[in-house]
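Please go over the structures that come below.
There are two complexes below, and they share chain A, which is joined by chain B in the first and by chain C in the second.
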Partner chain A sequence: MGEIYKVPVGPIHIALEEPVYFKVNVHGETVENVDILSGFVHRGMEALVLRRNYLQNMIVTERTCSLCSNNHPFTYIMAVEKIAGVRIPERAEYLRVIADEVKRAASHLFNVSMLAHLVGFHSLMTQTMETREVLQDVKESIWGNRMDLGANTIGGVKYDLDKDQIKYLLGKLISLKKPVRELAAIYRDNRIVRARTEGVGVLTKEDALRLGVVGPTARGSGVDNDIRKAYPYAAYSKLDWDVVLEDGCDVRARALVRLKEVFQAIDLVEQCLSKLPEGPVALQGYPRIPAGEGVARTEAPRGELFFYVKSDGSSKPERMKWRVPTYLNWEALKVMMPGNKIADISVIFNSIDPCISCTER
Partner chain B sequence: MAGFFKIAIRNFLNGPTTDPYPFGETFTPEKYKGIIAYDPELCIGCSTCEYVCPSGAIKVTEKDDGTGVRFVFWLNTCSFCGNCGYYCPTDAVYNSNDFHTARHQSEKFIPTIDDDISYVRCKRCEQKIKAPVEALLIRAYDEITEEVRHQTSLCPDCRRQEQFERM
Partner chain C sequence: MEIDKKEMAALLLTEFHVYIESGFDHRFSHEDHLGNVDMYISLHDKEDIHAVALLIKKHNGRVVTITPYVVDKGFEIAYHFDAYGIVITVTLLTEDSSVDSITSNLKSADWTEREMQDLFNIKLLGHPNPDRLILDEKMAQGIFKEYMTLSDAMTGAATNTLWERINEAKGEQDG
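And then the complex of A and B:
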């Protein structure tokens, strides 16, 4: 005893969903400290978008990441709309929220199912994925793709909902409530899931504030920093909802935040559908984008997403920069991991809902 | 464990949830963004689809012999985003809901769609112009009169000339 061993985890590792390399110093079975190396899925997207026009970039940004693929073009488009100085129709604001919340629910269910996979409860994982499949069908039927919805466009949205589709969407979401409630109870109370998640990967509220973590990672530590509430965009200020907070500070608290946000997302979509105003869904024609700068931020499923767009008046952006939630959250891993067992590394890593392909772009 | 046991028994009684495709029917939504379809009858050769396509799967070029416009689509480059269909002014390009993307090896290096539209001659000066498309005329004019038909069969220069002569 007393000796410290170095254990490499990743970049290609069976338990990690995405390529990132942890250099872990262990003392026996216990993690002493961890060093994170990244850069395995860098695609040069920030350079790529400079070679494409504003309309092409709506799709390029969407391909940054599949799980928060609605938020990337959404935020980008908001920034461009700020430069162009256009206001989108009211109906489009609601439709944007609907697309966003359906994606959020699907993303959160995916993350908790990965949690079940990592704690070795595979039947729970498949069942959660099966439940999520309802949302995939919804996305495929209303937007045409299972992941990349292509819902937003500069000056509005690309889709509209008629009576039948509203009925279909509502029916599917209501049918989702019972199975998700059933699954949430298992995540909350099951002995095995609790043993693997309770008290694991603790991030205290002080640390969460110090490190500036965002999204469900912060809300699991009791930090209220939901952009949808703090700086409302689209139709969020017109809806009635509260930020989900948990004070467990551990992996379980983060999973519970996500599960509660699934219900919240369903509720928000229901509210949007009942309040949906009549009118056009997009502006006529394509707005001129003058020289200027714009920033926008939204609450992606993983946390705050920030976009900076600089235009020189041509058809292509001069500079684009985006900061994704995982960039802030993975610093917290260095606080969460020490003191836990080697087997918990992947569980803790999953609890920040990492998106390496977003972060490295 | 009791919680999950209930679900497991229910799953057992309900049977498989997957579709028996390809041996049975599967669910393909009407709005599904599948392989691009192209209708040269409606195309005006405006290149909007090429401009908005993020992956460069569509190329609209002048034909080598100068008799028309060539529309080329490469399936393997397409990302099924639906931008072309959304921005197409005449709905000549759209996503069909065909999801069968497998192709023979022999078709690997030939475009999936290779079609062209021919120019017509201006009635006055015989210059080559793009033929007017019915779908666009219906959108542009309340009523398509003989006058509209005549005007659209002329090249822009002749149209201007004729308007001046009338004044």
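And then the complex of A and C:
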């Protein structure tokens, strides 16, 4: 029997882009257990938003993080719209889905490219990032920004698509299909990628349900809790699609869910563009926000994003709370990591698509 | 099979009447055009949160998050649960800043309860892992509330107000 050694990973560590602290106990090369500490970049956003009015908070919430930036104002706005009792124009519902799915595809490609980076397959990483660049160009061309789209507003959306833009968007999406298909095949079949991802970081379906994990972390363990189906919003219930599920329960399964969801996102945008109804993209003027409370949820790239807004009838919220997807997935790392090698820690960490910026709010 | 959320919400409400001994107020339910239902309930007795957690567990539900906020008498804590895709917000009032932990029944409450403990200094009774989550051990729990929130500092209200509060607190300790 060898001794148990304590290995600190973080808060500042070369494999972690953002600060979080893992206290890892190892036996030889094998992880025995892990404890997680966070709070190193806590920004007090939940206090900040109480000092801003409802319109300013559309801007604040979009800065919670960058990869799922669109979902924060999107969900916040839906909670506010519930309190105001307004229903947005149908065209805006479709435009909300388009912005969100473009962001999802870009976010998922970023995560799998980080996986390639962490397993040392750098040509795959650069190829994935290069493919993702098409989506970055799309975002910049249509919304004027590569990350924060500013697409949503209370009562609808801030952008519209004309015929030329629709043609451009469709052309870009079609051009993505072949390279993404080729990439997906490498992630799925390549010997090196499989060796580093298959059977690594296992989270059984029972554990996934017990911990209440969300997003691709849950769907990679066969748990069907996609909010777009379970709690439909915007135009999702009018589109033809199925929840992507994998039953491998490991790092590979979670990556495969993300890759399949890239295709799904392209398909959903194509459906939205073909069904896009005519009409206004937002309500006339902003509604008054009466006293009340409302909740809203969306399926962000990392999973369920939840907003609770409480209003006292003034121009600023009385209380706002948001629960980001990563928040529920952290505890799963304590189940995924034991029994794996030290070298797998960062690969498993990446597989929940962690967002510390979101977690710390 | 598609779940009729309205029917399920009515069923859950009936069960709430059985499980919650001290009673509750069903403040309102919000139903939208897509069939989603959000339910809002207020408990009369904060100890009934334990029974609510057991009921949610029975239905394979989970904790989405927990929202504490300051009211005149102490804290109101809004627990947001998910069962069958229905969001159930259960609010309780604690006047002594303590509340029973529900993490041993619903693991999904773990982090959000500990965050509440760190940021609002709400005591958790019976949490299986009540360690710090956000604040360093050297900092007092609830310190953001006591002295200066980061957002206050960022809006330029810092130096004087902060020191006034610290000196006031020190005066209370010394004197």
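One rule holds in what follows: the second predicted complex is superposed on the first by the 360 of 361 C-alpha atoms of A that agree within 3 Å, B and C clash if a C-alpha of one lies under 4 Å from a C-alpha of the other, contacts with A are read in each partner's own complex, and residues count from 1 in each chain.
One rule holds in what follows: a contact is a pair of C-beta atoms (placed from the backbone, for glycine too) under 8 Å apart; a residue touches a chain by one contact, two chains touch by 3 or more.
These figures come from a predicted structure and were not determined experimentally.
Of the two partner chains, chain B is the only one that A:Ser123 touches; chain C does not reach it.
When both complexes are overlaid on chain A, the residue A:Leu276 reaches neither chain B nor chain C. Of the two partner chains placed by superposition, A:Val41 touches none, neither chain B nor chain C.
Once the two complexes are overlaid on the shared chain, A:Lys321 sits against chain C while remaining clear of chain B.
When both complexes are overlaid on chain A, the residue A:Arg87 reaches chain C alone and has no touch with chain B. The residues of chain C lying in touch with chain A in their complex are 30, 32-36, 38, 40, 60, 62-65, 67, 69, 78, 80, 85, 87, 89, 106-108, 110-112, 118, 132-136, 144, 149-152, 154-155. Contact residues of chain A toward chain B in the complex are 52-53, 55-60, 62-63, 123-124, 127, 130, 133, 137, 140-145, 148, 150, 153, 158, 182, 185-186, 189-192. By the touch rule above, chain A contacts chain C in their complex via residues 37-39, 42-45, 47-48, 50-51, 82, 87, 209-212, 230-233, 237, 293-295, 297, 304, 306, 308, 310, 318-319, 321-323, 327-328, 330-331. Residues of chain B touching chain A in their complex: 1, 3-4, 6-8, 11, 17, 27, 29-33, 51-55, 79-83, 86-87, 95.
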